[in-house]
Every structure is written in structure tokens, then in C-alpha cells.
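Presented below are the structures under discussion, each in the form of C-alpha cells.
Note that chain A is present in both complexes that follow, paired respectively with chain B and with chain C.
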Partner chain A sequence: MPQRNDDVTRRRLLRDGLWGACLAGIGGVAGFAAHKGQKVDWLWQIDPYKCIACGNCATHCVLEESAVKCTHVYGICGYCEICFGFFDPEPLAINEGAENQMCPTGAIERKFVEEPYYEYSISKSLCNGCGKCVKGCNAFGNGSLFLQVQHDRCVNCNQCAIAAACPSQAFRRVPADQPYLLKSVDHV
Partner chain B sequence: MTQRQGKMDSGVIITVLICTALLVAIGAVLLVDATGRRGSGLSRVYELDAVRLASFDPNLILYHEVGPPIATGFERSRALALGANGRFYIAGDKAVHVLRDKGTLEQVIRLASEPHCVAVSAEGRLYVGLRDHVAVFDEAGQRIVSWEPLGERSFLSSIVVARDDVFVADAGHAVVLRYDKTGQLIRRIGEKDPDRDIPGFIVPSPYFDLAVAPDGLLRVVNPGRTRIEAYTFRGDLEFFWGQNSIRIEGFCGCCNPANFAMLPDGRYVTAEKGLIRVKIYDADGVFEGVVAGPDELVVGGAARVFLSVEDAEASGFDVAVDPDGRIFVLDTIENTVRLFVEREKG
Partner chain C sequence: MVRPRLILVALAALLVVGVAALGLERFPPPEFETDYVRPTTTAPNPPQGLWEYVDAGVLAVTLVLATVLILRTRNRKLIFALMLFCLAYFGFFRNGCVCPIGAVQNVTLTIFDPGYAIPLAVLVFFALPLVFTLFFGRVFCGAVCPLGAIQDAVLIHPVRVPRWLESGLRLIAYLYLGAGVLFAAMGAMFVICRYDPFVGFFRLSGNWEMLVVGACLLLIGMFVGRPYCRFLCPYGVILRQLSRLSRWRVTITPTDCIQCHLCEDACPFGAIRKPTEPWPNKEYQVARRRLAFLLVLLPVLIGAGGWAGYELRQWLAMVHPEVRLAQRIYLEENALVEGTIDASDAFRALGRSSDELYAAATQLRDRFGIGGALLGAFVGCVIGGKLLSLSVKRRRTDYEPDPASCLACGRCYRYCPKEHERLKRGREGLVRH
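Coming up: the complex of A and B.
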């Protein structure tokens, strides 16, 4: 009676190992493709009409540099010479000197358009999302400055740490294909 | 029998570990600010201290409020005018309410759209500024005529009736329009004209007020320059006054005063939005005193101005003055009319 040879030969080990590696590779590629193709359905965003610019966005984000930044809708802006989002409430002079600026990080840039109009833009790399300019613009201007979660930075935590710490419940989930909640000119 | 020394029961070790874990968990729950109620932790340099900015010497308040506020009956009140026999004409929602001095609703004039401004002539005719045109009503509230619409961009924000003329401030086009009483456009006033040294109006938000002063000149707010300019009826700029400052002497923000009225002696009553304050300036534009500040005018005082842009927009209180120099303030947040009279001196 012939005996079964169950000993592991070198050839058999290599063959089975190769098959295993192939299967693992195919599984890995399929998994990676499935992961890449998976649509992120919902993202965190701030409702600008509920936000009170409390400052928590600057410090409660899990990222070292908050994913929340100031946004500017130019359609609402008055292009004011004396912009209370840009200038300190008691400026020494109406010019771009750092001592006259409201933003502690110098994130708002002011550009002359034509007398007496100026355009204001936000340097995302300098803005820390504190919302000080938003307060000034809401109170004294047209409210064209407001805070938004920047999705090139946000890691979309399951529970957003800033949303949990938002005293005005301004954070909400938005569809990924409409990731920003911008103010509209006709709202007020 | 020998005892094993220096060894601990494993049960004790597990108990200690569990207790430590529980303590850490409780500490984490207590110490971590999961609700954000403890604030951002940012330094003061990141704060806009509204209360400090709004503060001023209380001795500057020259007026006090008299009687209870009168409800306008609107959800959104826009403008106030005083007529003969102590009537108030209040524009809001889609109507004009005519009230007696104690607040009794005497007449409701319904409109197809929201009115932004209202004025009454000496003959009792009512001129209502809608978004793009003026509608004229007789004393009984019957529409007489609607004037030619001024285009999609127009936003009529103020209207005043002189003896033979009607002046309309169009915030959308940043121009004052002089009409005769039949609605014929006579002149455009205040458009930028370097040859006549007219700088042009800057109107960043929909507040752009005007009045005819006792000296016979037109006064128009140039809100973006935070000043009041005086024009002849022919459109020549005579003089201007006003400075931008958050201090009580100045006009704060990007665009103020939101509204104003003239006292019979030529002094000004101004109303600022954002940081809501009603003040008095003499005929030369020199600050005299305060009628009411944020603490007197708004629930929550100075902190109120920073809640939202809707609040700021609604904070453009209107003012009107009667022949006795009493000041009526249209509170557009609470939708009431409030009366302020001068404090007795001494």
C-alpha cells in the first residue's frame, strides 16, 4: 500500500507561498481600490448665520493648526476704506501698519482698487480661525467675512471636536458635493 | 510554615489598576472641556471687547426715556415719520401703520412690497419709498400715483418732502434724486464730480439718510465717509462734518450714521448702527451729548451688537423729532417707538 507523502517539500512551499502572495496582492489591490472609490458622503461645516465667532474653532480642532479659516464673499463686501474686519476699532492711522490691524496674525491683506475702495483677502496660511475679524465685520459691516471648515485641511473626524465645543450649534454635516455653506447676498 | 515576602496578590494589583483607570477617566471627563463653555483659551489680543468699546462717560447722557414704548405692530419695522396732530407714520413689513400719539392704531395702508422709507407732506400726503419707486397716498390712505421705477439696482432708503420738492435717497445707486411733487425728476445730487469738488456718496450697506435743515440746505449722510454733507437744492456741496471713530464723539464702523433727524434749532440727532447709540451734535457738527447709548437702547447692551449680521442690520434705528424737540426712536429690534426728552438741567 502506497504511503502518502505529507512532507513539505521546497517546491511545494514555494508554489503555495506564491499562490498566497498572489491572493494577498489581489485582495490588497481590490481593498485599496474599494477604499479609494468609496464616497465620503458627509462633511462638517459651519452655518455662518449661526456662528457667533466665539474663538473655539481656533483651539478645539484636533489639528495643531485649525482646519477652520476665515472666508470672504466679495459679493457682500462693501469694499470699505475703513473696514472693521481689517482695522482695529481704534486705529492709530487708516493704513496697513501692523499696529492698525485687527487680525492678530496679520492674515487679512488689503489691496487698493480705486479711490476710495479696497479689496480684502484672507491668507489661509496665516489665519487661525479665531473669528475676531468676523465679529468686527458682522457688527459694523455687511458680514462678508465668516468662518468655514477648509476641507483641504479637515480630517473629517467622526465626531468633530469643534462641533462638540460650539456654543451656538453652528456645526452641521453637509453633503460632500456641497461642502461649503457660503453666505448669500440676498439673505439680509 | 514559611511566608513568601515581597509578593503581592494579583487581585490587589488588578483592583489598583481598575481604580487608577477609573480615576483617570473621571478626571478626563471633568477636566476636558467637551462643550466649549470654558471658552477658547485664546489670549485677550484675540478678543473684540465690545463692552469696553461701547463705554462712555454716563454724564454725557442728556436725555431720558419717557413712558412705555409704543408697539409698531410690525415684525420688521423700517422707518418712522411724524405727521401733523401727533400722528406717527411707521413703515414696516408690507404696510404703513398710522398711530396716534398714545399708540392707538388709526389706519393701516397695505402695500404690495416692503416699504423702506416714509415721509408726510404738510398737506397730509404720504410718500412711501419702496425698493425701486415712490408711491403717493392721500390722507385717507388711497393710492394716488406710483412714480417711475428706478431700475433693478435701486434701493430707496430715505425720503423727505420740502415745500415744493421731494428728495429721495437711492442707496443702490448712491445718489439723491430731486423730484417735484408730481414725480418729475429735476436733478441728480451728489454723484462724483471732481469739477464741482463733489466726492460722491459711498453706501456700503442699505442705510443712506437725508433731511432738509432749517437753514434750507439739504443734509445727506455719506455713510462710507462717516460724515454728513450739506447740499443746495441745485446740488452744490457746501460743507460737511463728521469723523470716523469708535469714541463717543465720532461715528463708528464702516457706514454711519445710519439715520438722523434735525432739531428745530438746527442741531442734529444721529442714530448709529452696529454700536447702537443716538447722539446730539450742534449745528456745526460738534458733539454735544448722548440721547441714549447701547445700554439704554438694547437688551444685552453692547454685547448684543456682535451676535450676528442680522442683528447689526436690524440695528439701524430710525429717529424723528417733533416741533418741541422731543426725540422719537424707532427701535427696529423690538419694533417699538420710544420717546426721549431732555433732562432738566441743574
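Coming up: the complex of A and C.
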């Protein structure tokens, strides 16, 4: 049956053409992306100058213990005796007693340096990323405390759950060779 | 005794009045007289990017293995074992991220966002399963995909889903793909990853809403085979279409079909098609007229879909945080709502003007108009195409897996008497050697 044969050939030709087109399409997209691509991976990070320390970081991370934690840039810190990131707004006394502290997990360590300066350091294993200290330090201090995604903990979700919940759009993808957006002294 | 509270309140009041902008050095960093050295800021490095390449390598190896096991060895037990390995590796060990399903959005973002370029490993994850599907059918779905595997592993009592319902529900997957691509292109969010139902299980932690959705899907999956793959998976609908063109694919019988009907109910995914009966002449005429009607209907559906998508642009644009923010600020400025929210507070703290925000939001909404129209046209095209394919009857003489729907799980093989004959021959051959 020549008629039937012809039909089969036509269909096969169409199929083969489509097949080739699909392969070329995949190749084209992959080629375009690879041509544009650099070798580094992308990671999520918080722009500290946009962050308002709303507290979502502590609750929205897919990890039980958030990958976001407080970071301290000592070069900006005023070493205040009365630190608004450390002390509760209405402390009973100016000392390290837990009842006087802002941090709900006691993750900030206060150490005397010299009169009248005190060093504040974050114990990362205790910090839950709630940002209460960040809020205090930003509002009344130098803003040397701020939240950053800790890349030893972050599982780098393709869509960060905190980024989706961030009210100030402070999360963005950063190249893996510059994984932190630290505050600097000379930022305007 | 002076109450420290008073000191703090007084200090706070002073500072708030004195300093307007954030982050100013209200207290100049001290010059220390002692030999105190400032500690350096701890910023732990991310794990080395090597794992990504290991993952890409494992993906390539498992795809090759899956192809051999599914198309050559035809051994369901081995396929299942490979599937469990991939579930353990890509799922529980590597936490289910990145996967080819989500990689669709990374590719989209690469095309539309000049500032973003896809990492090589993610590109491999996107392209490799597609290429394998073009050659060998959906071997990725059958044995490699961890999302498919977790559902396949819980399937205990499959019930048959009617064809019409299956086709209807599958429309969700097309819509999901379209929406995922649209929102990724607009830079709004990766919606497919945000609502991944199983990644929470892989990590053994996650947002409880998605864990509940995942648990429900797994519960349904005990009776309806692989519900995510069949009705939701946005990558699956791409693989479906490519699989229609594949060079080699699953065949139920290793040699020829003897029409024994034994495989008829073997497939838990309703992918086995029966031989067709020839149509009576009269019905043929009706079918031809119907086909002509549907061909005319196709552009109408595409147009209607495009129009609907364009009309929905305001609603679609609300997925973008910038547009949501603009809406909120507008409401607040015109005293249509009371109070502020975190987002509007953050906006004001940054000192952007609201006109600038409105302009950005308007531009985004216009872009969503184009995107929405394309999304709608795509959905219209899918519906039209489905209607067309339903009205065309292919002549089929044997029991065959549907090339698009077959998930290449290999369950049907052992239902075929010819397969048993083949295995027996193989065993005898081994003995003779």
C-alpha cells in the first residue's frame, strides 16, 4: 500500500523534525545560560541597611534553629556601657543579670574592657536570630549589631522561606565568593 | 539612688531627638588605652561548592543506570532499589535541593534577569533529564526523581482515576508551570520551590503548612498513584511532551503483544492504552466535523485565555512584593486603612519616595499584563490541544503504555507472559553457558 507508507513517512518526518527541534531548543537554552553563567553558586544574604529586624528570620526559616544570626562588627561598635542591644529597655539594674537583658536566649556576652567601655560579643550557638538586639542597637546605638545568614547553617533553598516573608525585601542572592554583606564604617 | 530606667529613658529621648538617620556613629568607636584588640567578626564560610558537581555526576550516573534497568534489564526490583537510592541521596542526604523541577525557574530567571546567571550544576540538573527523556522516555520520573520516589514508595492500593478527571486535574500542572515561569521571570519569587510539598520531609523540618500539604499528598498517594507527578509537577508536563517524541521508550511486551489482556490493570497511573476498535463510518463523519470545529476553537481559546490573563494582571502582580508594598502605601497614604505594617515601616525608614514606588509598581503591573496574557494564551493552547487530542483516535492494535503518561516505573513488565518467556530463555541461556 503506497498510500499508507507515504503517510507513515510523513508522520515520521514530522516527528523527527520536532525531535531535532526540541533537542536544539534544550541545547539553545543551555548554551545561552552557560554562556551567561559564571562558575560560582548563589547564596542568600540580608542587606543590613534594609533590614528592620522584624523578627521573621527567627520564625520563618525552614530549619528548626534559624540560619540567620546576629553578627557584630566591632569596628562600628561604640563599646557603650549602657548598650541598647544588650539591656532591656527597663532594666532593674545595670548588670549582666538575665532579667536585665534584651536577648531572650542570653546570647550576648558583656565583658569589661576599660573604663567606661564594654565589649559585646554574640555567642552564635545561642542566638536565634530574633533581631531584638539589632532593633535596639539600630534605634539608639551605632548599629554595629545586625542580622546575617550564617552559611555554615543555611541549606540554601532555591527560594528562601524567610526571603519570601521579609517585609523590607532585604534578602537577595549574593555570589558565593562574597557570601556576607557586612556593615562597614565608611558606609553612607 | 537614680533608677537606671530613668537614665535609659532620658538617654533614649536625647538620642531620638538628636539623630535622625539610622546607623550614624552616635557613639564614636573608642580609642582604647589598654592593649585591647578588637575581635574580628565571625562569618563562617559556606560549604565548598564541590557537592554541586558531585550531585550533577550522581544525576548523570543514576540516569544512565535507570535507562539500562528500565529499558534493558526490565527488572522492577532493581528499578525500585535505584529509586530508593535516589530518594536517600537526592532527598534525605542532599535535602532535596536543587532539583530539576525547581531548576526551571533558575533557567527562566537567567533569561530575564541580567544580574543573575545560573550555576553550572543547576543547569545540568535542568537539561540532563530533558535530554534523557528525548532519547529514552521518562526514565528520570521512573527511578531518579526523589519527589516521585517518595510517592511511589507509599503507593499500596492504587485506585483507578477516570481519564476525564485525570486530564482535567493535569491542567493544574500546566497552570503551575506557567505561573512558576511567569513569577520567576518577573523576579517575584520561585513559587514552585516555595510550595514544594516534600522538601520538608527530606530535611525533617519545614513550614508546618507545607508539611501538612505534603502529608496529605502522601496519604492520597497511598491510593492514587503519584498524585504530585500526575497532577501538579510542572517539570513533568515538559517531560510528558518530550516523551512523546522519545527514540526508545517502555514497551510492556519485550517482543510482540498477544492480546492476553493481563497487563490491562497493571498500571497504577492509568497509563496503559487498550487496542482501539475501528470506528463505524457514521461516527467517523461526526468526528471529522468535531475535529474541524475544535481546530477553529483553538485560536479562540488561546485568545480568550490571553484576554483573561491580561485582565487578571492586577491580581497576578500582587505576588510581587513591590506591588503589594505599593498597594499598602497607597491605602495608608489615603487613610483607607488604619495603622502601618512592617513592610510600610521599612519602606519609610529607607526614605524612598512613594511616587517612585508607584512608578515601579505600575511598570511591574504592565509587565504582568504581558506575562499574564502569555500565561493565559498558554493555558488556552493546552486546553485546545487536549480537546483536539481527545477527538483524534489513533489506531492501536496492541496494549501499549501512553508515551506521555508512562512514568517508566516498570510495574507492567511482569504482567506480560512474553516477558516471563524472555526471562526463562535468559535463565536457560545462562545454564547452557
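Note that the second predicted complex is superposed on the first by the 147 of 188 C-alpha atoms of A that agree within 3 Å, B and C clash if a C-alpha of one lies under 4 Å from a C-alpha of the other, contacts with A are read in each partner's own complex, and residues count from 1 in each chain.
Please note the rule applied: a residue touches a chain if its C-beta (ideal position, glycine included) is under 8 Å from a C-beta of that chain, and two chains touch if they have at least 3 such contacts.
Model, not experiment: these values are computed from the prediction.
J.: Tell me which of chain B and chain C touches more residues of chain A.
T.: Comparing touch counts on chain A for chain B and chain C gives C.
J.: Between chain B (first) and chain C (second), which, if any, makes contact with A:A98: first, second, both or neither?
T.: It touches nothing on chain B or chain C.
J.: When the two structures are overlaid on chain A, which partner does A:K132 contact: first (chain B), second (chain C), both, or neither?
T.: Touch partner of A:K132: chain B, not chain C.
J.: Where does A:V62 make contact in the superposed view: on chain B (first), on chain C (second), on both, or on neither?
T.: Touch status of A:V62: second partner only.
J.: Quick one: classify A:R15 as touching chain B (first), chain C (second), both or neither.
T.: second
J.: Touching A:Y79 in the superposition: chain B (first), chain C (second), both, neither?
T.: both
J.: Regarding the shared-chain residue A:Q169, is it in contact with chain B (first), chain C (second), both, or neither?
T.: Second partner only.
J.: Kindly classify A:W42 by the partners it touches after superposition: chain B alone (first), chain C alone (second), both, or neither?
T.: second
J.: Both chain B and chain C touch chain A; at which residues?
T.: Common interface on chain A, chain B vs chain C: 49, 52, 54, 56, 60, 78-80, 82, 84, 89-90, 94, 138-143, 164, 166-167.
J.: Sort out for me which residues of chain A touch chain C in the complex.
T.: 15, 18-19, 22-23, 26, 29-30, 32-34, 36-43, 49-50, 52, 54, 56, 60, 62-64, 71-80, 82, 84, 87, 89-94, 113-114, 117, 119, 121, 124, 138-143, 148, 150-159, 161, 163-164, 166-170, 173, 176, 179-180, 182-183, 185, 187
J.: Quick one: which bits of chain B touch chain A in the complex? Just the residue numbers, please.
T.: Chain B residues touching chain A: 33-37, 39-42, 45-48, 50, 53, 202, 204-205, 224-226, 244-247, 252-255, 274-275, 305-313.
J.: For the complex, give me every residue of chain C touching chain A.
T.: 4-5, 7-8, 11-12, 15-16, 22-30, 32-34, 36, 38-47, 49, 52, 95, 97-98, 102-103, 105-107, 110-111, 116-121, 123, 126-127, 130-131, 134, 189-191, 193-194, 199-200, 203, 205-207, 242, 245, 247, 321-322, 325, 341-343, 345-347, 349-350
J.: Quick one: in the complex, what on chain A touches chain B?
T.: 49, 52-60, 78-84, 89-90, 94, 102, 104, 116, 130, 132, 135-143, 164-167, 188
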